[in-house]
Structures are given as C-alpha cells and as structure tokens.
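Take a look at the structures listed below.
In the two complexes below, subunit A is the common chain; its partner is subunit B in one and subunit C in the other.
Right after this comes the complex of A and B.
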C-alpha cells in the first residue's frame, strides 16, 4: 500500500499542471462549503451577539413545561397537564424566541395552578440547578434572569421644536424591571468578554445604507455597524450604584424610530425619576405570588438608555445595488443593578432569602462556540430542565419572521421564508453543497479519466511489471485524492479567510470561529475526499481495461 | 555461450505447444500460427523476422502478457493459459523480466525507484528493495545515476535501467522486445555486452525479439519467423556455425 501511495503521490505531483481542473473544482466546492459553514457560524454568532449580551448568557435553562414541543402538544393526555397560557408579565427571556408567544402570553404545558410568580418551584430547586450547572468547568457564570412586571408609570420624553420644549409621556405598562446581567454593568469586571460588554459606538447610525455595488463600491466601507448592546444616552448602571433604585431603559422601546433625533428622555443631571406601580409579592404558605390587588409604588431613577443592536437586514433594491437596514430589539425592559433589584424585591414584599421571580437561568460559557457541542452534557446535569442555545434560537426566531421591526425593506422581502419552514435555508445550503460537490466530482472524474487515457502506456507498464489491476486503480485513486486534498486545503483556507470580515464586523472575537475550525474542517474534508473517492471509481474502472500488451507499443 | 551449450539436457524453462494467435479482421489473420518450441534454462534465444512476422506477438504470448487463441505456454513447469489475470500478474512479477524497445520506464520515478518498484511490489521491505536496486544499477554500470529520472538520461542509459529493472526479481526468463531498435551502434554494443554477460555469467535465460542481426551473433539459438510461423531454428547460433532444424 505504501508503494501505491508513493506512486500516486509522484504521479499527482508530475501531473499537477494537467490536473489543475480537478484541484480548482475541488477547491471551489470546498470553498463554498467552508464559507457556508464558517460564515454561517460567524453570522449566527454575530446575530446572537446582541441577544447574548442582552440576556447575559449563551444558554437558557427553563422548566420543560415552559416551551412545549410539537410532540408534547400532540401527545397531551386528558389527565395530564393542559395547554396553559402564561401571561406576558411573567418575565422570561423566552418571549424573544418562543414560537407561541402572543400578546396574551406564552403557550405552555404548565402544571395545574402554576406558575404564578417564578419558573422555579422554590429557592432550593433554583439553587440546586444553579449549583449543578455552575459545577461544569465549561461554564463561566450562571445568571438568574430576574424580572418583575410594571403595572403603571409614565416616562417623560422631551421634544425640542422651534416652538419650544414639549413634554410627552410614554406608559410603562407592559415593561419589566430586570436585574441587569453583570456583563452590561458600566463597571463590568475584566473577566467579562468584550463581545458581551456595552458597546461604545455611534448610538445614532443611519437607519439604512444603500450601496451601488455595480460602481465598484466596497461593502465594508459602508456597512460599519456593530452587534451587541450599545450605550445610547446618559450613563450605564454600575456596581458603584450600590442598592440605589436606578435603571437604564431601552430607548428603542420608548422613542419611535422616526423621533429619535427630536425626542429624548427628560432627564436632569441625576436622571429622570420614574414612579412605577408594581405588584406586591404575597405568600400563600410556602408559595409566592404577585398580589395585583395590593400594588406598591416605587421611585426608580432612569440614568441612561441603551439600544440593542440586532442584525443588519439586507436586500437588493435592484440590479447592482444593495441596501442594509440596522434592526433593533425593542425589548421593553429597564435594567437595574442586582443590589438595587434585590432592594426592589424587598420593597415589593419578598421575604429575605426567598425565591426571586426567575424566568430562566442564563448560562455564560467559557467558549461560546462550543455551546451546541456542550448541550448534551449540560442537559445531563439538570435532566428535569430544558435548555436552548441563544444562537440557535435566535436563528430560528429570525427564520420564522424577525422579532425586530423592519421599516425600510419592501414588504415582499421582509418575510421571504415560509414561516412554517424555518430550516429551509439550512437545507437549501446543504442541497447546494451536494450539487456543487456533484459537479466538482464529475469534473475531477472527467479530468482523471482523460489523464488515464493519455497515460495508458504508463499504467500498462505497471501491469507488465506485475501490478494487479485493482492496485493500478488504487494508484489512480490516491492520485485523485491527493489532488483533491490540495483543492481542499486551498478552498478551506480561502473560505476561512473569507470569514475575517465577519469576525471584524460582528465583534464576536476569534473564539467562536476558531472553536469550530476543527469540526468544519472535518465536514469539508469528509465531503471533499468522499466525493473524490466516489468519483475516482470512474477513472479506476478505465485502468482495468488497459491491457499489458499496450506497454509493448511505446511510450505516451 | 549459455549453459545449455555445455551441459546436460534438462526440462525446458519455457515451452510453447501449438500456439496460435488469431485476429479477426473480416477474415482470420494468424499473427502466430501453430508454433511449438522449447527453450531451455540458460539459453540465449533470438527470435528474428521481418516487421509484421508475429515475433512480438509470440513474445507477449510467451511472457503471459497476451493470451493465445489456442495452444499452451508453460513457464517453469506452470501452464499460463489456465491462470487468472491476478495469477498472471504474479508470474510476470516473479518469473519474467521484460525489456522494451521504448524502455518504458516510469517517468516520475528515479532510476533507482524504477528498478526497486517490482521488488517492492513483491512485498520486500523498502530498504532492501532500494539496496538491491542499487546493486543492479551498479551491475549495468549506472551506479552513479540512481537519483536521475528517465528524462535526464540517454536512450542507452534508460535501456540499461530497464535491464536492471527486468533483473529485479531474479526472473526465470528475461524477454526483450527490440531492445536495441532505438539505440545507436555504440550503445547497441553496450546493451549486447550486458545481455551476453548476464547469460554467460549468471546463466540467465534470455529471449530477444529483434530484427537487429548483430544480436544473433551472441545467441545460442536463432529462431526465424515469417507469417507467424517458424521458418528456421538455428541451434548453436549462426555465428557459432550452428545447425538449422
């Protein structure tokens, strides 16, 4: 075998010039697949960056009943849990991903009588889950997603006009007060990855950009927006705020897009004091609940605003032009430092040490790129709970129809994908890869067959000196595989290089892409070499028909 | 001359019995027509004849490269016509060394690798194959050219490499098809000398197909062919004043 491989190697080097078609075809196929995989991952990472930063984790953990699968719904039995709508004030990050989130709440298969206050049964259940997940070495932090609903309150906005200052109010009903994830604090610790911190950038980029690509304009010079959570006004909340009742509010949820230039929060040097009506936390035995009949009013000082940058929505307005619109997640949330939020709960009546209102656990991993790979192991640590990765759910949510509002794009391109088939783009990509490799394989096979036919004497000599027919065929296969390997390396390298703009523009760092390098290479190499091996059977078969007597007739 | 000229009569190393090779070109064309012959171990046999007489076809039948339409070829006591393709491969690898008019070296390999290849195909360890190949190149006077590729060598040198390759697995018979046809007179003399030396010093059985009359001077036996038939079988060689049978 060693001899056959050596012969194949020598032949592939010697015939490299005549086999460039094979190398190029395989390189193109490998490039396309690498780009599809790597850019896809980069895109997913980038798209998820805002959600990861905003929610404070890469993985969300919640009770299994909170998000019923189709299987759960179809197999509901009369004596078991029934479909139950959990009201929207029940604070949970699932509202951004849940396929069955309506204005009226979430569709769940929650147990009889609950939940009324928290996704977790009691403090012990939550602490055990946190401890079990936190014990995994791959986990950097577990942050409970704590939120309380706002029943009433008015936020003052100021409109500067030639006629003077006009004050208007925005209702805070439907908003949530949430404990700010540590990564979004203004004084977040050094251990916080840069991709999850508040982004210091232009808070008012243009709504959209159109580039005439036919004129040779470089996309990278016009598309410079970032992903993540950006500080858009005032100051962020910080650990140094202690347990003061301060908050920063999502600007996009309170100021209409077209009014961003004219309207702002009416805030003095210390921020705007907001009087908010919140439900009191009552207790019935050991069970906690929101007592809406006995609300409590608190004053929270809004010291700053944030915007959650979401993805760039792109569409071609015509031939030779491209438009991009920056989307934002209009999350109706006010973020408070954890100590302040704890004090708020105390004011609302939560006894010390009792279960806070937790909608899910946000798990931040040491390496976000390994999230999908880690899921089976993480699930085993808390088998009674369900979990999803933020990146994947973001992709699915986007595929169903973006949760973010789109203003600029024409109606017909906003929801180009069938809502019921979120996986279509992935499958289409895979199908495209198969087709491409089919073509590349045929090119390689054709090229190799031609080479075999022009080198009949050479193969006849091998047979004449005692090489068996299948051994000669194996030499050809090795030759094709080596040429394909060259194509694979070229294509993969160029494909990865093509991911650099994604790395630069998505602010996700190298980690997510480098982390998947090995897996991507495995997939691309498997596809390239598998395709080559399969299609090399054609030139191999040709060698079987070469007779030894052809060696007598002279050289090629 | 070879050992057959001096010693006892032994079983032939190569035997052809009623050998026919027929091509159908509208009518039956007999490239080889009912040829029977015995070649004894150590004999140096030259098969000569005009172009198209069927001598190369006969050689390919004797080497197990081609299959006869009818008749039998026995090499070292083993009938070739009943063997499968893989078995014939093994025979060619172990018992036959072929030398061609166009040298037929593998262009991508060095001289040393060309010679070592049949040895390695026999499953011999690489280090041994390369050492043995180097010895063989020394024997044909090309010890210093082992690292050169065929394109970097003259025709005579390439043919000498081909001879070394033919000797690689210590074959029972070396068969050469017009080995000097593409060579100048001096190189032809060199190749003749090597073949004669192999026959005389090692007792190597050699069958040469040629129309080069100079080669017949070295042979123990000269077989003349015309129209696929043996028309003369001069045992002892014409130069030695042998007898036509």
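Right after this comes the complex of A and C.
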C-alpha cells in the first residue's frame, strides 16, 4: 500500500503543470464554498459602524416590501402589489437610503397602502413583531426608530464676526424629533460597543485630504480624526435627563459646511429653548394619524449638537496620490432621550400604551460577524416585514450616491447607479457551489484521464511486473485525492484567512471559533474529497482496460 | 462522389463508431439544453406572473405625474400654448392629460385638495380619458356628483377614516394663514380611479360664473417635460409629483430577484463547455494515430476539421432530437401548469438555449479540434509540438510544454 501511495505521490510531482491545474480548480471550489459558510459571510465589527451607531442597530426592519424577497415575488397575488408613495413627514431611515420611496414610489403589498403614521397597524402588531425578533438568541436588543415631524419652529444661530454677534434663524420645518438610540446616550452602558458610542474627535476636520502614496503616505497618515456619531458641541442627552424635553441636534443639518467655524448654536446656560409646532396625534377608531389641522406647540431645550461622520469618499487625483473627502449624514433630526420622547408623544395626544410612530426597527445582534448568515432565519420571524442588514443597506445606498452629499470629489469620479427599488436576490450560493465542484471535478477527471492515456506504457509495465489492475487504479486515485487535498487545504486556508479580520474584530472566542472552523472544514472537505473520489472513477476505469500487450504494441 | 460528401460520410461513420463518447456528449448537451430552457421558461413565467399581477396604474390612464401650481393658474388655452411653446406639443395632440382647478386646505387627516375638473377641450381628439371629465377621477360613486361649488364628493378612504357620509358638512381651513374656514356639503362618496395618489382629492365643480382656470395637470410627461413643468408659474414654484411605472418597477424587481439564478445558469453553461472540451480532448488524444493517418492519405487541415465537425454536429443533432420532446413534455406538464406563461413563451427560451449550446459546444471543441487538424503526421504520431498561433502545443492534453 505504501508503495502505491508513494507512486501516486511521485506521479503528481512528475507533471507539475497538470497537477497545478487540478489543485487550482479544487482550491477555487473549496474557496467558494468556504467563503459561503458562516465565518466568511460575516462583517467586521467596524463595518458600517457609523451608520449602525446613528440608527441604533445592525439590522433594519422596514415596512413590507421595502426589500422584497423571492418568496414575496413568487407568492404575489393579482392586483396585490401597488405603487405607494410615503408622505414626506413619515420618519424612517427610508428617507435617507430610499428617497425614491418618497418620490416616485415603491411597490408594496400592504393593503392599507404606504405607511403614514407608523409602519405597524396597531400596538399589538408592533409588540408581536418585537417579541418575535427578540426571541432569537442571536438578538441583543430591538430599538424602535420613533420619529415625529416638526411643522414649524426656529433655531437661533450665532455668527461671531468683528462687528459683533449676529443672530440668524434656521427653520425647523422638515426636521424630525426622534427617540435617541441607547448607544448614543451620554451615559450609555458599558455593554455598548465602543464603535457605536458617541465619538469625541476633531469636529471640524478639513473638507478633504490627500496622501502622496509615492512618498510612503497612506490614509492613516492624513486622516487624523475618527468616524462615527461625533459629539460636536454642548452635551449629549442622557438617561439622567429623565422625561425632560431635551434634545441634541445634527449640527451639519443646520449650519452650512463653510460656516461651521464661524456659526454656532445660540445657547444660554442649559441650552437653547426651541418652540416647535408638531401635529396632534388623532385617532379614528383604532387607527392613529397625524392631525395637521390641530397642531401642538412644545418647548424643547437643545442641549448639544452631534455630527454624523459617515464614510470617507476616496479618489485618485493622479498617479502616486490618493484623496479622501469626509462625508456627513446631514439627517435633520433632533435626538431626545426615550423617556422625554414618550412624554412628548403624550403631549401630542397619544393615549398611554398606544402605538408610537415607528418608521423602522433597529435590531442589535450579539455578534455582527453573523449578520448576513442570520438574515434568512430573522426574516422568517416577521414574514410580513422587510429586513436588511445595515451593512447591505448602506452599500446599496452608497452605490447610488446616497445618503450623503459629496462636495469635494470631482464630478467624473462620483459614479452612482440609478435609483431603484431593492430586492433580496434568490440564494444561489449553493447552486454556485455545486456548479464549481462539478467544474473542478471534471477538470480533475479530465486531467487524470489524460494522465492515464499518456502513460499507458508505464501502467502496462507496472501490470507486466505483477501489479493488479485495481492497484494501478489505486495509484491514479491516490494522485487525484492527493491533488484534491492540496486544493482543499489551499482553498480553505485562503477562505478562512479572508475571515481573520472578522474573527479578530468581533472578539469571537477561541472555543466557538474552533468549533465553527471544524464544522466548516468538515463540510468543505466532504464536498471536495467526495467529488474527487467520484470523478477519479473515470480514469480508474481506463487503467483497468489497459492490457500489457496492447500498450506495448501501440508504443503509446 | 465529391470530396465533401466523402468527408461527410467519413464523419458520419466515425460519429457512431465511438458510442460511449457520443453518448456522453449527447447526455451533456441535451441535459444542458433542457435544463437551461426549463429554467429560462420558469423564470420568464415567474417574472411575467409578477408583472401581470400589477394591473392597476397608480394614476388614471397612463399618467405618470401630477403638476400643481399653487401660485399661478392659467386658462386652458394659455396652458396649452405654454406646453406647445416649451415642449413642442399641444394638449390636443399629446392627448394624455387631465386638468383641474385645485384648492388646498388643511383637513382632519392632513392636507386635502378640492379639485374642480376642467371641461375645456381644444378640439375633438383621440384621448384615453372619458369625455365626461369627472369620470376620469372615479370608478363609482355613492350619492351624487356635486352640482354646486360648495359641494364635494369625498374619496371612500376619507369617508371610512372620518365616518363622514353624504349630507354631512365638512369644514376645512385654507392653508393660507388667516383665511376663513370653508364649509362644504358632502354629496357623494367615490372610489378613485387609480389608487394612492388621488385618495385625498375632494371632487367639486368649477364656478361657471368665473373664467375657467387650471392649476393642476395630471398627465404622462417625459423627464424633460417634467423639468419644464416645474417652472410653471415661476422657477421651481410648481409642485411636481412623479410616479414610477408600476409594471416597469415590478419587471425590474423580478429581474433583480432572479439575477443570481441567471448567473448560476450561465456559469453552468460554462461548465458544460469545459466538459465538452475535456471529453473531446480525451477523444483527440486517443485518436492521434487516426488523425495522422488522415493526413498521410492526403487530407489537409480543413478536411480533417470537416470530418471532426461532422462528428460534433451529429452529437448536437441527436441531443437536439432528444431534448426537444423532453423539453416539450416537461414544460407543458410541469412548468406551464404552475406558471400561467402560455405556450407562446415555449419556443424563445429553447431557441435561445439552443444557440448557447451550439456556441458552447463549438468553443469547447475549438482547442482539441485545432490540435488534431493542424498537426502533421509526424507531430501527431510522435508527440511532437504542434503550433497554434505560433504557440507550441502538444496533443497530450493541456498546454504543458514541459512534459513533452
């Protein structure tokens, strides 16, 4: 047996070109399969952290059909899907990532039409959805994205100039008051990941920076500030504010970018008091709605400002250099502590225990590295709603030039795809895996068959000196399996190496990591070696047909 | 007998000599053809079903936008002239529009618009809208259509939400600050034509004592026309609400949902091409001596290629012969039953897949056939190098020159 294995090993080395082809084909198939398994599908802890911090979760749950799936489309009944336009006052992350839902419309199957007050029909529906999602062990928390529209109000800004202080006003029409996600509170608990907390950094970085890569500079040399939701003035709102009507406002939504150094909020001790006009919350039977004809005026104290430093837009200005522009999410939102927001809703007329205005649910996961792998199971918990990871949502929006405005980068590098309603593509990963393994198996079988055909004389000699047919076949099989094992190890190692940043940044423990690796390896090894063994039967059959006399006579 | 027919006859005989290889090739090509055609058919069916499921337009007729000018109202003649001047068409020949006088109020559910449909008609034209203009706004009405300017018909959604009924009074506050509230009498409850967009319109009639003026237009406008319409009454003053085409949106969604499956099927076809290449390469290696003999008896490269091509054509023809009834049976029994695609869509996926099969088979055969037809007898018999485009190749499989 040892001799046979040795022979197979020697044969695989003798024809390196052909062997390498088999190894590469198998490695590609193994790599594809490895990267479609649990670890490879994950995200690093820093992925889309700025957006996740602002939204308060890793996964967004939207009203139905914001992201339809294959099952939504397949199970569609005639006349069920209709085009809906969301009114501009509906507070939801949809307004940043899908502005065409507000202008042009999206197809949905919600019988009651597009959401106007809340994405849920009633409080029970909301509680059931939250409970169903929260019941998953992978979910850490579910934070409703609650926002109410501001109809009128003016914010005072101060301009410092040599002539003195000039006061100007900014209209609050179009802004929203939103319940601050727990991670952005000034006294957020220690369990909040640092990437999701308020960041203290230079709030006025340069509009853009350039690194001369040819001189050894890189991004870390020139980008000296941090990204995230940045504390840019005053103080953040906190749990200790209780139910006081206090808020912090997005500075980039009220002060033009060129005036940031000269203008600031006119704030006395304790902040600036804003008189805001809000719609009253009315009820028609069990249905709640905004009654704009009967508004409410409230006083909210703005105690601080924040900026959302979202992404860095990069472009090469020429050879050997790279530029970055810091982009900001200019979300027109005032963030209030949850208790204060609940009191505000009460003032607006919301009866106790009734449905708040919810535009989305932000789901925080225990482990961001499992985000994508978890999505099919999470979607099943609330089949009537749409669900998407923040990472995927922001990638979709960023590819369409959303949600930030780009100022500095030249027009010719701001390529953006046209706006479109997104959909969750059919899961074809397994199909790709089967196809790739079929491809790799055929390459292995073809190479092995060619090997047998070109070494007929050699195998005939082996038979002539007493080796049996199946033993010669075994030599061929050893060679195929050896090459496949090399491909398996190579592909698996490369696949998992790609997941190292995910493993490291998400603090996956060694035990669970080894367990996942073992399970992944078992699946990939089973598929790779099983496929190779199956396909090696073809060249083995060829070797069995070789007879000594024919091979020697044919001189082949 | 001509030279060509001799070669064809030789190819015919060769094709059926190696039955195992022929069977493998037929199996590969036929299964690829059937699988690709069926998946294309079911995907087309699914997409078509999804698109057909959206039958209602968002706005009446084929309209795609609502233009509302809050500041300026025109007479229909002036508006027509405006569009003719800037857009190059008049209402009459564009013929896809509805006009009205619109007044905005604050209502119990948010902003409400009282719409007074315009009865202006430039001249009798072919138009998609009902000549009884109020009929362009609703499908049915309970009660009656208003006959006075202080009467309104309200949409059924508003009636359900507020509990208002015909005969009730509805007091609305004008959006303009300080203006007195206006009270309307409800005469009917209507079901809007289209959905969504028109649900908050209160329908009334124009004041016959005043000159006819319009400040609301619902029509199908091109992107350029929409931009120009935004300037109705002054730069950027008009409110233009654009609605996507629901059917186009659904077609786009269905394509996105199935895009990954289509990619997988395309990759699958690539796999078939590689399989054909491997099978034919093995076959050519086995038949080196035969190819050398063809050359020795006087066949040139083209003639050798002719013989080999005939063999491949036989594989394709038999695969087609087997795949056609298999596809027809599976498609009519399993796919068309489930998806109401109709037999009219049966042929295109099959023909498209057939074209792909032929292309993939030809590409897969190119390399082994080129080696066999270009090689000289001595090259073929003694494993010498064969040159294709000045690159050294050996008919022993892949381009592993070092192993020669």
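Going forward, the second predicted complex is superposed on the first by the 332 of 556 C-alpha atoms of A that agree within 3 Å, B and C clash if a C-alpha of one lies under 4 Å from a C-alpha of the other, contacts with A are read in each partner's own complex, and residues count from 1 in each chain.
Heads up, the rule we're going with is that a residue touches a chain if its C-beta (ideal position, glycine included) is under 8 Å from a C-beta of that chain, and two chains touch if they have at least 3 such contacts.
The model shown is predicted, which means the values in this text are computed figures rather than measured ones.
Undergrad: Would you sort A:205 into first (subunit B), second (subunit C), both or neither based on which partner it touches?
TA: The answer is neither, since A:205 touches no partner chain.
Undergrad: Which partner does A:401 contact after superposing on A: first (subunit B), second (subunit C), both, neither?
TA: neither
Undergrad: Can A:317 be said to touch subunit B (first), subunit C (second), both, or neither?
TA: It touches nothing on subunit B or subunit C.
Undergrad: Just to be sure I read the superposition right, which of the two partners does A:111 touch: subunit B = first, subunit C = second, or both, or neither?
TA: Touch status of A:111: no partner.
Undergrad: Among the partners subunit B and subunit C, which is in contact with a greater number of residues of subunit A?
TA: Higher number of touched subunit A residues: C.
Undergrad: Let me test your reading of the model: by the given contact rule, A:2 touches which partner, first (subunit B), second (subunit C), both or neither?
TA: In the superposition, A:2 contacts subunit B only.
Undergrad: On the A-aligned overlay, A:463 touches which partner chain: subunit B = first, subunit C = second, or both, or neither?
TA: In the superposition, A:463 contacts subunit B only.
Undergrad: Determine where on subunit A the residues touched by subunit B overlap those touched by subunit C, and list them.
TA: Shared contact residues on subunit A (touching subunit B in one complex, subunit C in the other): none at all.
Undergrad: Please give the residue numbers of subunit A that touch subunit B in the complex, ascending.
TA: 2-3, 7, 10-11, 13-14, 457-458, 461-469, 471, 547-549, 551-552, 554-555
Undergrad: Provide the residue numbers of subunit B that touch subunit A in the complex, in ascending order.
TA: Listed in rising order, the residues are 56, 60, 65-66, 85-86, 89-90, 92-94, 98, 100-109, 117-118, 120-122, 126, 165, 169, 177.
Undergrad: If we count contacts the way the header does, which residues on subunit A are in touch with subunit C in the complex?
TA: 15-18, 21, 68-70, 73-74, 76-85, 87, 100, 103-107, 113-114, 116, 282, 284, 287, 289-293, 420-428, 431-432, 435-436, 438-439, 442-443, 445-447, 449-450, 453-454
Undergrad: In their complex, what parts of subunit C are in touch with subunit A?
TA: Per the stated touch rule, the residues are 46, 49-50, 52-56, 58, 106-111, 161-163, 173, 195-197, 199, 241-244, 246, 249-250, 252-254, 256-261, 263-264, 267-268, 270-271, 274-275, 277-279, 281-282, 285-286, 396-403.
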